[in-house]
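What follows are several structures.
Next come two complexes, and both contain chain A; in the first it sits with chain B, in the second with chain C.
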Partner chain A sequence: MMMAALIRRPPPAASAAGRARMQAAAAVLGLILALVLAALWRDALPAWVVRPPKGWLFDLAGPVNRFLAWLSQEAAIGPVTVKGLTRGIASGFALPLDLLQGLLVKGIDLPLPGGTLRLAALPWWALAAAAAIFGHWVAGRRAAGLVLATCGYFLVLGLWEAAMQTLASVAVAVVVGAILGIALGAAAHRWPRLDAGLNLVYDVMQTLPVFSYLVPILLFFGFGPVAALIATVIYAMPPMARNTTLALRRLPASVMELASMAGCSPRQRLFLVLLPAARQGLLTGFNQLVMLSLSAVIIASVIGAGGLGNVVLQGLKSMQLGRAFEAGLGITLMAIVLDRLSHAVALRRPAHGNQRAGLRRHPALYGALAILVAGLAAAQTVPALRDFPEALTGSSGRTLDNFFAWANVALEAPIGAVRDGVVRHLFRPAKEALLALPWLAMAGLVAVLAYAASGAALALACTAMLGFIALTGYWDLAMTSLYLVGISTLIATLIGFPIGVLAAQGPRLGRITALVIDTLQTLPTFVYLIPVVMLFGLGDFPAMVAIVLFALPPAIRYPMDGIARVPKSLVEAADMAGCTRLQRLALVQIPQALPEIMLGLSQTILMAFGMLVITALVGTRGLEQETLVAVSKARVGEGLIAGLGISFLSIMADRLITHGSARLRRRLGQG
Partner chain B sequence: MSDTSPIIRCQNVWKLYGPGAEALSGQSASRLDDAFLAARGLVPAVRDVTLDIRQGEIFVIMGLSGSGKSTLVRCMTGLVDTTLGDLWIGADNLRGIEAKRLVDIRRRRISMVFQDFALLPHLTVLDNIAFPLRVQGMGREARLKRARELAELVALTGREDRFPHELSGGQQQRVGIARSLTTDPEIWFLDEPFSALDPLIRHEMQDEFLRLQGTLHKTIVFITHDFEEAIRIADRIAIMHDGRVVQVDTPEGLILNPADAYVAEFTRKIPRHRVMRAGSLTRPAPAQTEGTPVPATALVADIAARVLASDRPVPVADEKGAIIGAVDRDRVIAAICGTDAA
Partner chain C sequence: MKAPFTGGLARILMAAALAAMPAAGFAANADETIKLTVINSSDTDVPTYILGHVLQKAGFNVDYVSADYTAGLTGLKQGDLHTFFCWDTTWDACQEAVASGSVINAGSSGIAVHEGWWYPKYLEQSCPGLPDYKALLQEGCVKALATAETEPKAQFVGAPADWTTYVDETIDAFGLQFQPITSGSSGALIATLKGAYDRKEPIMGWGYSPHWFFDKADGGFVQFPDYEPACFTDPKWGPVPDKTHDCKTPSGFLWKLMNRDISLKAPAAARILYLFTLDAKTVADGMEKIDVKGESYDKMAEDWVNANESVWRAWLK
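Our next item is the complex of A and B:
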């Protein structure tokens, strides 16, 4: 009965759903037609319709520059200058960072009355052993093996110091991000009004290109690893805060009532009941915090954070691709290890076996600690135990460089043909079409779409955001960014959707796909640039490849999970109604999974924007390039405004799709 | 069995949800009719409830989902603020009570068992049971000692170091019960404590609950949607429907004199001899009776075999042992068959 209703909808429902579809299709066709006409007849239109005239533009960058300069240099709150305040905060962060870096890599100078005492850093063998023991304790033997292999990789290739520097930055950023994220997340849960405001701030924090806030941070906090640390926290903290709020909100009402009935004070309620009970959700956020921190620390090498990111950057700049590749692989390994371990911690459930006290409860932890202490002591007394013997290190060096050079030449012909063909027949026309559009037509289209998807509020917000981009004089650059993201999203979807649908057909296929996606998703954005530059050089085409690779996981995952999650009874009902596989897919599974598929699209676009920012490094030309140039030329205002442009574009795309899909679902009667 | 002095008193308690519900707290209750509420989009979860709960009794609030029973009990515990009316716990009126005083009442005088157990997943059985004491700042050794006693009381000895996810549903609720008893409260609220359990386990837990109450003598407010459960454990039952208390009576009183069709619908399926007591079947004693008297408070089900086997009526005695009449075979058969009550 139910199946029959699904396949052949009863007449009234069919006409309602059909009418909704027809109307939507007609509206989209009409809008496209209007745009095409507008583009074709742009010469006949008044000039101010095509581009805002010079007189309309306002110079925002200048005032922003002056304001920030004043704020960072002269402004004062009472007797305390803002500069003094921020520098104070910076040195507050610098202390733990220096300590950790000293412990892991550089050694520490202890100021004593009779001169300074130099403490050597922890030796490699103690760190590796302790890390392996810890890995074994949280995630088992295979994780311990992975940790050892990774340590070995860094040691043999002479990347140990760079890796430890990166690790120290990540560790401090994670601690700061976790404290801040939990505090903000708990506050948003306590005061729901705060939540809406914070969400908007997080949206901007997550979509604003890192490059555009590096310079303001330099301005306030000075140059060096601390600036990188603060940039990292801004970039990586929002998911921690969001997950905290979400996890607290998902707690059953009875847990809150229990806290009240036990007579908890507000502080007891938070620390004894709410946070521990929401532990799983917090740890999910923590895992994301770790991964994003690693990603950001690598990007931050642009402003001299040092570490593995710097090795990659120098390698790419001097075309020592072999070295860049080695360091990139190192970053990948580190990402996988950190993901494994933090994931294992997140999944850990207490069991009654390990409820013994002190040493007997966690023998592994105390063992690891003992090794670290012994290592530190040994390093002070026996210099030979400090460093990894240089005779054992090596680098593929020139060999790998030569291989890539050879591959470049050998593959130049086929790759070049593909690249040139795609650029000529797809990229250029798309870019020209987008640039040919009058800005008012584009703004009008977006406003109409926003109104249809959600209502007047969203339409107004979108118009304001597009107006900001146009009137600050960044329209052409924004369209250049948009075309690259648009094409990349399209390609990622065209590749990802069929794979996702296919992978959902069998559990084994699904497992393998999920494994590949999980690995792809642990990789920091930076890593994607390395092979792409090696194979395709610089420009829009390699940028597109990098974006597609980076944005592919959600394009595959959401359709796959959506289809796999269709209730089994519906699938069985479809089979019993005599559906062929294709009918079952087209009539039952895909329509049921539509919400997830749409969510996947918006995630794909957000990922594409995230990667776009980084592709500035391989020479794209949109807003993202402006933010990168702003870093090198220290143009604070320009970088911020161009960055806000990217942020606005991605927020608009996300809102349009999520609201549109919700509206569509309601009209199709899916909830 | 129960003292007559009330320990909880609800006087014209209202709880309204909807826009501007709080602002109505100064209103006179007489204006709150259906038309008034509908015009303002207000939903009455609890309407004009007045009842007394006596010291030491098991008071069951019975109603189907949406009848307001959960809201009413949350008003009694201060988890939800009442919109109108007074609600007294002993000498404290919960309306406008100071937060500090409420915390004090919750720490010492009342406690609650939850339908979904509400155990803290990161604590062991023992730490969960000791949790209310930890909140009060009691030292670890002392509170664990107390928790061990309670674990024994609810038959969880040997499982003290488990975590909640390592226990079955019935065991989890035993932890919930033990936790609610650690502070030795006067009033014990149980919000559908056995609804999430399988029927067999539920029955076993009801027995366990009655056994506990036999030694503890708490004042109990017990919420359920299961009329048979209510009949089984209650001294008195309040039946709720659409936010109103329709009838408050003993199980026997409900069966013999249902206030309206709604109550009668519940009582219809209940086997009467399991609820009715000998006293309500008693007629004036004839000249000839047989054997020793049965107490008037005995359930008909428990004396049926004897009455049916005897050729003459069986005498019935009150608490003091005085013969108040006799019960005969016809009456018992009528009660069992449900053909005629009195």
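Our next item is the complex of A and C:
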């Protein structure tokens, strides 16, 4: 205590910190007491306090269904039907997509006067060579090696066609997402009033389960790669837009002034000055865009995107886990390569003062282009040069499946014991307790918390969101979702926090941990879903395992980075004051890293909600199941409303934690 | 169009085709690309690929579009997909597609489907008397099948929530102490059953055939009284006097669906689909090739087409 007081500079802050802690403890105790009482008095309370009576519920799904059916079939703007319009947009997207897919995989049919001319796709060797040269040009030898290794991986495992198909759709999605994101982000920067509204929309876009808008997309844009593209863009675009706004806002005023002095028009100012100056920030957004696009690859293949995602799904359905894992790892590799290359491209400094132009200025680029042209020509004339020799391909076959089959039998006793113990003593009581809570008590509680964390506005917003869930009749399902996410977040934090703290103790440990985390984060969630089900059976426990695996990276990374970023001087001061390692950690590093730790917690919760949606596929029973069934039965309204419920829950959790921790920090004298 | 149509069905089709394409429309047929729905499940994809290869022999371009089973139905209605095999358990969804007017039912594929309460053979030790359903009423049986999540009731691994399996109704009708848990996806359903089967753990769940796991694993289906329509409507019918649904779930065949527009644009393809029939054994053999031997769908279908020329020639005429 003394140590903390010493380091946290002004002495009054110490007593304020102590008071804040006391208050926090009292508040937590009070909350627990209130919840227990509310649950116990459940029977004594009037029924409408426990659950909203039937008469209060309003049927929103029906009207939504009817409206969308009308909109997608009959509605018209003048002579053009809405469906015709959306289908037109779809074919607009289809053009570049078809062209790219044709070039990379399928070949192109050119309609000529004398009949169609079939153009074979680019051969593998030309693409691999060109990509490697490009990689070398932008990012050096190691990147070129990485590109070649990745190409080799796809070729040897016979995944080349699937990989190229995925590459084509991800490339188009990324370009569309980047254009849209930068446009929206720049608009929000220019007209700040737009920003608040857009932010809310992004929140919903990012937290709304993809399943709940798949059906509307199918209705309007048809089935197939284009629909998948649109779903991907909706899912992956928001970080691009947010980061654009953020990056533009962070630019020093002098940049603006420079632009005005140089006499730029608003458009010139944006394109020639602001965006280039902000490219570091744009890059962060772009990186997220690429990663999220790739993580949507599997869901996209549910509505006909094909490619690697489809290989994963096919492998999982026929329990060829090895195949699914190979394709899943392929998606990870592709993500790493794209991330590395896009990073390098964005950070390239333009070569000033270099007078050479064209061919001589960029020999590598033109060389790569020449190889592509030569490859295309060769593929038309010599069919033998088109495909990778089949004799050289292979697969890990059933090795992984056999391993899981072995683990399943060999580890039965310990796995079963842990599972049953956790389910009996943690899951079932927690679920029953949460479901026993009267909805009014819960809503009131959240409102009080929100008021304490931020003020009346947040309290009102939270009440409105919870009221929406209750009055649309999804309260029980929402609590089922909440209990699973809550427990999973708790477990992820309990595992992730110590690992993060430990990894922060040495730079090498930190690097290894970061590598493992990155791989875990880009590995498609579906890949580990089925092995988990095989080992743990069906239901909430395997879902929890999957959620924890998925939500673990931020739970590790944020504490790790936070502690590593604590100023050296503070750490040295602690050492000089004679702290033991443990004291230094507990009294200096962790309190100093609290903002990052709290941010990590809110990220963990968001990831947990993201994975929750996927766990519907292994039989969880909350709102997420409703969105999944809605896809299957094409019940648009129910899917959207249940999806909004999940979206609201995660937005609330995020806001409560962010505002709560900001308030806590101010009280602790850190803000 | 190579040959004139014969048969009543074909005549109706031809009339429809003529109405849609007044003059010299026939020549364009073979240019049509037929988009077949592939659902990544060998039970349904084997007949789909065989159909695709037959259509290719008839001069059509075919495209195998990978889709989620039920999302595929939406695609079929919209005309983004052209053919579809429908399971009896999703009859409601298929019926709804047909009722929308943009999908036609081209009849049974001849592939018999068996669905119901599946259990592994070794369960008979805990539940003596199986396959008779009365075995499920014993306390020991319920206890053996109970899990931490469902106890004191027995666990029943249910099908994904969008399949119509009447499990809740069956449980209620017979007063079984079972709690069904939904499996969310067919992949998870199989993984759960196979995981428990490999561990030799008591398990019971929704099973269906043809399917590589249920056809290969040593198990059986619980025998409930045979289905009759009256069972679902008349409480007096069957062993339980005051409940409906005291019988099996009706199961029959894989049904062939087709988008209406494409059937008008390519009547020859529609004719092939109408006539297309396979038996369950052909499908089981095909699935064996895919799932066990690791052959490609294209090779499997090509082999079938080469070996059964007389069969599919008859559909082309």
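Observations on the model:
Methods note: the second predicted complex is superposed on the first by the 620 of 671 C-alpha atoms of A that agree within 3 Å, B and C clash if a C-alpha of one lies under 4 Å from a C-alpha of the other, contacts with A are read in each partner's own complex, and residues count from 1 in each chain.
Following the convention adopted for this analysis, a residue touches a chain if its C-beta (ideal position, glycine included) is under 8 Å from a C-beta of that chain, and two chains touch if they have at least 3 such contacts.
In this text, all values refer to a predicted model and were calculated from it rather than measured experimentally.
More residues of chain A are in touch with C than with the other of chain B and chain C. Contact with chain B, but none with chain C, is seen for A:L272 once the two complexes are overlaid on the shared chain. When the two complexes are overlaid on their common chain A, residue A:E412 makes contact with chain C while staying clear of chain B. Of the two partner chains placed by superposition, only chain B is touched by A:A262; chain C is not.
Of the two partner chains placed around the shared chain by superposition, chain C is the only one that A:N310 touches, whereas chain B remains out of contact. Shared-chain residue A:G539: touches chain C; no touch with chain B.
When the shared chain is aligned, chain B comes close enough to touch A:P252, but chain C does not. Interface of chain B with chain A (complex): residues 74, 77-79, 103-104, 106-107, 110-112, 114-118, 120-124, 131-132, 134-136, 161-163, 165-166.
Of all residues in chain A, those touching chain B in their complex are 252, 254-255, 257-258, 260-265, 268, 272-273, 276-277, 279, 349-352, 355.
If you check the complex, the residues on chain C that touch chain A are 40-42, 65-75, 78, 80-81, 93, 147-149, 157, 160-162, 181-188, 190-192, 194-196, 198-199, 201, 212-213, 290-291, 294. By the touch criterion stated above, chain A contacts chain C in their complex at residues 214-215, 218-219, 222-224, 301-304, 306, 310, 313-314, 316-319, 397, 405, 408-409, 412, 419-421, 423-424, 427-428, 529-530, 533-535, 537-541, 615-621, 625, 628-629, 631-634.
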